[in-house]
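Residue numbering begins at 1 within each chain, and the chains themselves are lettered A, B, C, D, E and F in the order written.
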Amino acid sequence: MFKGFHQDINLISSGMVGILGIPFDGFSSFLRGASLAPARIRETLYSDSSNMCVESGFCLSDDSRWIDLGDLVIKNSTEAIRQIEAGCAAVLGRGGLLLTLGGDHSITYPILRAYTQKFAHINILQFDAHADLYHEYDGNKYSHACPFARIMEEKLADRLVQVGVRTLTPHLVQQASRFGVEIVPIDRWKNGSNLTFSDPVYLSFDMDVLDPAFAPGVSHHEPGGFSTREVLEIIQSLKGRIVGADIVEFNPVRDPTGVTGMVAVKLLKEILAKILGA
Amino acid sequence: MFKGFHQDINLISSGMVGILGIPFDGFSSFLRGASLAPARIRETLYSDSSNMCVESGFCLSDDSRWIDLGDLVIKNSTEAIRQIEAGCAAVLGRGGLLLTLGGDHSITYPILRAYTQKFAHINILQFDAHADLYHEYDGNKYSHACPFARIMEEKLADRLVQVGVRTLTPHLVQQASRFGVEIVPIDRWKNGSNLTFSDPVYLSFDMDVLDPAFAPGVSHHEPGGFSTREVLEIIQSLKGRIVGADIVEFNPVRDPTGVTGMVAVKLLKEILAKILGA
Amino acid sequence: MFKGFHQDINLISSGMVGILGIPFDGFSSFLRGASLAPARIRETLYSDSSNMCVESGFCLSDDSRWIDLGDLVIKNSTEAIRQIEAGCAAVLGRGGLLLTLGGDHSITYPILRAYTQKFAHINILQFDAHADLYHEYDGNKYSHACPFARIMEEKLADRLVQVGVRTLTPHLVQQASRFGVEIVPIDRWKNGSNLTFSDPVYLSFDMDVLDPAFAPGVSHHEPGGFSTREVLEIIQSLKGRIVGADIVEFNPVRDPTGVTGMVAVKLLKEILAKILGA
Amino acid sequence: MFKGFHQDINLISSGMVGILGIPFDGFSSFLRGASLAPARIRETLYSDSSNMCVESGFCLSDDSRWIDLGDLVIKNSTEAIRQIEAGCAAVLGRGGLLLTLGGDHSITYPILRAYTQKFAHINILQFDAHADLYHEYDGNKYSHACPFARIMEEKLADRLVQVGVRTLTPHLVQQASRFGVEIVPIDRWKNGSNLTFSDPVYLSFDMDVLDPAFAPGVSHHEPGGFSTREVLEIIQSLKGRIVGADIVEFNPVRDPTGVTGMVAVKLLKEILAKILGA
Amino acid sequence: MFKGFHQDINLISSGMVGILGIPFDGFSSFLRGASLAPARIRETLYSDSSNMCVESGFCLSDDSRWIDLGDLVIKNSTEAIRQIEAGCAAVLGRGGLLLTLGGDHSITYPILRAYTQKFAHINILQFDAHADLYHEYDGNKYSHACPFARIMEEKLADRLVQVGVRTLTPHLVQQASRFGVEIVPIDRWKNGSNLTFSDPVYLSFDMDVLDPAFAPGVSHHEPGGFSTREVLEIIQSLKGRIVGADIVEFNPVRDPTGVTGMVAVKLLKEILAKILGA
Amino acid sequence: MFKGFHQDINLISSGMVGILGIPFDGFSSFLRGASLAPARIRETLYSDSSNMCVESGFCLSDDSRWIDLGDLVIKNSTEAIRQIEAGCAAVLGRGGLLLTLGGDHSITYPILRAYTQKFAHINILQFDAHADLYHEYDGNKYSHACPFARIMEEKLADRLVQVGVRTLTPHLVQQASRFGVEIVPIDRWKNGSNLTFSDPVYLSFDMDVLDPAFAPGVSHHEPGGFSTREVLEIIQSLKGRIVGADIVEFNPVRDPTGVTGMVAVKLLKEILAKILGA
């Protein structure tokens, strides 16, 4: 099921973090291309452009608790949801944790289904320009505009906090209220905001939470977002145990200078260090 | 005179806002291309990339008080000033208000001429990297570097406040002083600055007030400008009745990734909501 | 049903040609973005970059037998096929002919369904890097990889000639043989090849028939294609009465310098002149 | 009057060729940016990307009969025509020949005025997608769409041959006929065409004669043009004594990958070698 | 020594072809970036943009005689030559053949050193805009401008045929003469040229043999090159047994739209099929 | 030794500032291209896009105490260090000060060697995403990753303050500690930080200190950096006498829209004004 890149799933053991590509964008509503992200992120990560140390000084190259598992091979849109859940469950079942690379945001729903098989209580911290809470979109309940509606309906998370949201329709406001979603609109975000979680945290990072100036390589440009620095500071100062994460919606087709790919790599390194507690 | 896009000028009635393209860049001093902006802005606005709601939650799609009037057809540079004034006066004469899409900044002068036929007292709030107060430029008194010199000479505005200016020559400083222009240089702008106006406000938005990182698609890159977020916050917190606005100097030729077009659309929506009092 | 651009369908009368945008890319298998093509083509066509005369000297601006009908509004993927057929049938029913602007190649199937309601015998000349004859693709029988399988199954055309094809799988070879499709592989194309048709011809032009050097703005780059000049010469020397055409698969997201948009406009003008017999 | 780059006009002596930048685009009708071309061409020419030898094997670096004169400083549009003529006349007056780098095509008219002070009979070979024979354009008789109307009116050339033209309006056809211009439309160009001139030849090279695939960096994209190879072969096989040349309409703003700049440099080297008789 | 991508060197057996990335550009004289090519080529090859069949109809996906060996890990410039020779010799020693992906052109010299350990007589067919025969360049005998000087000096090939060369200095002409190199300058290439070899052929493909319109993603743009179609036809009609090949000098940093990467992939597929005799 | 651009070194006299290009990138570890920066900076500086006044109101065009010296001609990598030191010493020897335009960061070491011949005590303020303190890199002690290790070893500066650093390896931390380097990591930078120096200050500005959103045109993208505004404010509020500066690592190959070039020009103007005490 895994198209091995560097290593085998059997190398995952308890406490390890597997980086897993999920090159699926079949549920994108506007542009495709996010399925090309895992390959581009690896290309950038393994180039000689930068080193493997994060801003705290910790070096991933000195730590053997993470592994690159390669990509999940998705057969087609019909099978996607089931396959992603099964693939993630396999890693979690071996005691591993996951940092997945999308693909579009629709992958977060099956990932969370896998996580709840293992974690009784999960809090989700979602970085996103959009709430992704549509009941359905263009007639598709699994659209990348809908994953958090499915997650909340199925009670896969105890708490959902959304940071960076800057466009809402009345329907989305209603959905957020119905599910008790905590939306922190970007214009009310304060530098000193403290995000503290008591339960295990799953971090879902949609690249479009960043302003398009910092991350042009996304399918939906929504101006007025965070700078990369702001986002790094939120992640670095986060209080809580992170047990999983995804980086989604990076679209290499819209990244001619490679800047967005490098931002995704920087986030991958900082989030991975955070999961490793380093 | 109007190259109709969606609707007819006869559909404008009192209190309505007409969006009007003015695809004219014949008075640009360095690069042309701003005349392509109205078409690109419409292309982006009507795509499925985003919705029609603004950050306050108000949805333009639910409001029938605005209309897209299409573009003014400009015969040539010689006729431009007269034609723009006449076209705008026609809309204002029917009781409508205007949100125009340039074109270069030279269009603001004839627009203001039309406005003063209707409004006795106007305050202008200009977002711009430049003061645009040259007495003449390259021998042309109607250059896009000169509109506010013309406006102040003819006393078309009681007050002119310039925000974001970050390059001034001695001549411009002299002109500002002569006309009593209130320049708020960007390095003295404070987050808490409050812009409050008692008279009706005309908002003239030159895209180059934004840092080129946020809006590369302008003819004159002037680094060190505002972020999109900063500009949105200024507009959203503005005190005063806005009775007209323009968005100028977007140059699609310099916008390969489409980011600047999306910023223009975001501003169009936020400013339109502001004019509608929503 | 029509989102009017310039004119109304009621202005279509017998012998006229309607330009109709069909901004639909819901059946694209790899990238989306082709739905943005009609808006970009109009933006380019109506800019002042070039005139409205074709290479033969004939000027479209002097001819009142064509009209820009604006875009069909497609509700969603489920309705698309039916809606496109109905929209086209409405124009054909008034005695008009169609030059449609896609959208992805899936639109050709419903267009042909509309055409056969009016024309008993149709020959299709398809310019394409691909045969688009898959029985189904990713589980979708209406995928942009399949339209000509549907067309031939339903016998909507008496003859299908494909020019420029340069990638074939064994399944496609089998399909071509089953349906009697005449594939002229690009490496066997001779400058002097003469395309002569006795029945009315429908011309389906997939932009990826051009080498990506000439048309980078397509979803599937297939190197080794025609130059723009070669394609113009084939079209200009074509023998037969053209009664309809489409230009599909232009993807503006991949066209940062605007060159592909200009090629699409050039083809639009030359093909329109050809349909008008000029 | 000269903004010296490398050398002084006094170093020009009889038989030498001066390369002279004329950074003027004030008479461009659609986009500006061609004034940036001389700086970009020099940047590319003097980089280490390639050597100074042409395809015949002759090396410009071994020849002291050419010199880079830097740029003419143009005060403003009103003075431009007069200044360009005077600047060129100064070089020709010292016995030198000129290879000028535009700037838009409007510069060719004053250059020819300078040439006729020295050469009694001139034949012009113009490479261009357009005829540039408008009597006036947008009310401007000196527009870049008009230089050859002026040249022929004033009988500055005995013969004008245009190669690569692929868009003509009825007015232009009429002008060509009136002035006896020999237009060789691109679709009637044969590989074996032989261009032979008995009088001294002035070569005016508009970069848009090339297909936009080969030269995207021009203001007016006109698809269906020559390849760089085709153009090189025409120049290399040209029969006649070349006494002057210009390379115009390169617009660096539209050349993100630098390819067009390199084509301009290649042409500069080949044409220079041709003038030197090498 | 191998950074495994998909498979292990032990899977190579007699008659198989290994695809091997050599991400080394330490001997590039002008720009770096070619070391990023193997990752970008794989990203493109394994995307869903196209299938694995070549123009003859043969499908690589149905053939088990080739394998992707991943990349050679090069320690540093000092070790590079020795490491590349050893890595290639390891594959050849197991009876395999090689299709290597550069990296810059300096890798061809050590590859040939490995080949001569196995093949007594080798003919090289080099596609290149440049002769790469400098005795030394910038003081470096292993520069990417020198590999074929080294190869001919050490008599690693019986015959060297260069196709597409279009820039030569006197020194290079002298070197070619000294080594008996057969240069076929691009302007003397005839469509009907037949390349026939009796000995085993090694094909060295420098991407800059293509015109920059077709392959902008190279470090040295040399306008006037082949089209992709021309190159495909030469390769497809080649007479002789190909026992090895490299594709070098693709520089992803200069390939914003991804077109060059797709050309490299197309060539990889066609050349691989040719080596497999399919 | 100088490839003169505008002026001669003999025009330098005491108290003057010479702008000197050093187009050398032979010690770049990842990408080349920085050698193209001086030409691109001049192209941008001398274009008509902006004026020559800085934000304080002071106009460089009214000051005769600075001069553009053109570029140093570097023979090859072996000679580079020695040549740069000699070239700079020549200017300093005439009583001039230097504002150099790189080139990669390796040029700062020989520049400092020249400075210490004249200044007994120098403090360096380095803007950089990286510390550039490697003892050696890829076996090269003069790599652009090493200049400040050389400078501190040879005690060419009394004090080294690094601002904007956001990636460090354990080796670099150790080197900083060994040499007493004051690193101000970017996440601990406070808006109100005051940089005050008592000794003469040399300012070394690596463009990658800026976030890639503001300066995509650098070889090493390191997201999370300063905005252009932040950097301008630091420079403008700096306390101390600046006696020299360099602007390095601008790579035009990665600057398709020209934004980074304009940022470099803005910095050049502001820093030059600062050196002139204006």
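As a working rule, a contact is a pair of C-beta atoms (placed from the backbone, for glycine too) under 8 Å apart; a residue touches a chain by one contact, two chains touch by 3 or more.
Since this is a predicted model, take the numbers as computed values, not measurements.
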Neighbouring chains common to subunit D and subunit E, by label: C, F
Equivalent interface positions on subunit D and subunit F, same or different at half: same
Superposing rotation of subunit C relative to subunit E, computed on C-alpha atoms, to nearest 5°: 120
Repeated interface matching B-C, over half of the contact pairs identical, chosen among D-F, C-D or D-E: D-F
Rounded Å distance, subunit A centre to subunit C centre (Cα mean): 39
Rounded Å distance, subunit B centre to subunit E centre (Cα mean): 55
Where subunit A touches two or more other chains, by residue: 30, 47-48, 211, 213, 227, 253-254, 256-258
Contact pairs between chains, per stated definition: A-B, A-C, A-E, A-F, B-C, B-D, B-F, C-D, C-E, D-E, D-F, E-F
Of all residues in subunit A, those that touch subunit C in their complex: 26, 28, 30-33, 76-78, 138-139, 253-254, 256
Contacting residues of subunit C [partner subunit E, same complex]: 29-30, 166-170, 173, 185-187, 211-213, 216, 219-225, 227, 254, 256
Sites on subunit D touched by subunit F in the complex: 4-6, 35-36, 39-40, 42-43, 46-48, 253, 256-258
Subunit A contact footprint on subunit B (complex, rising order): 47-51, 53, 55, 57, 59, 211, 213-214, 227-229, 232-233, 236, 256-259, 262-263, 266
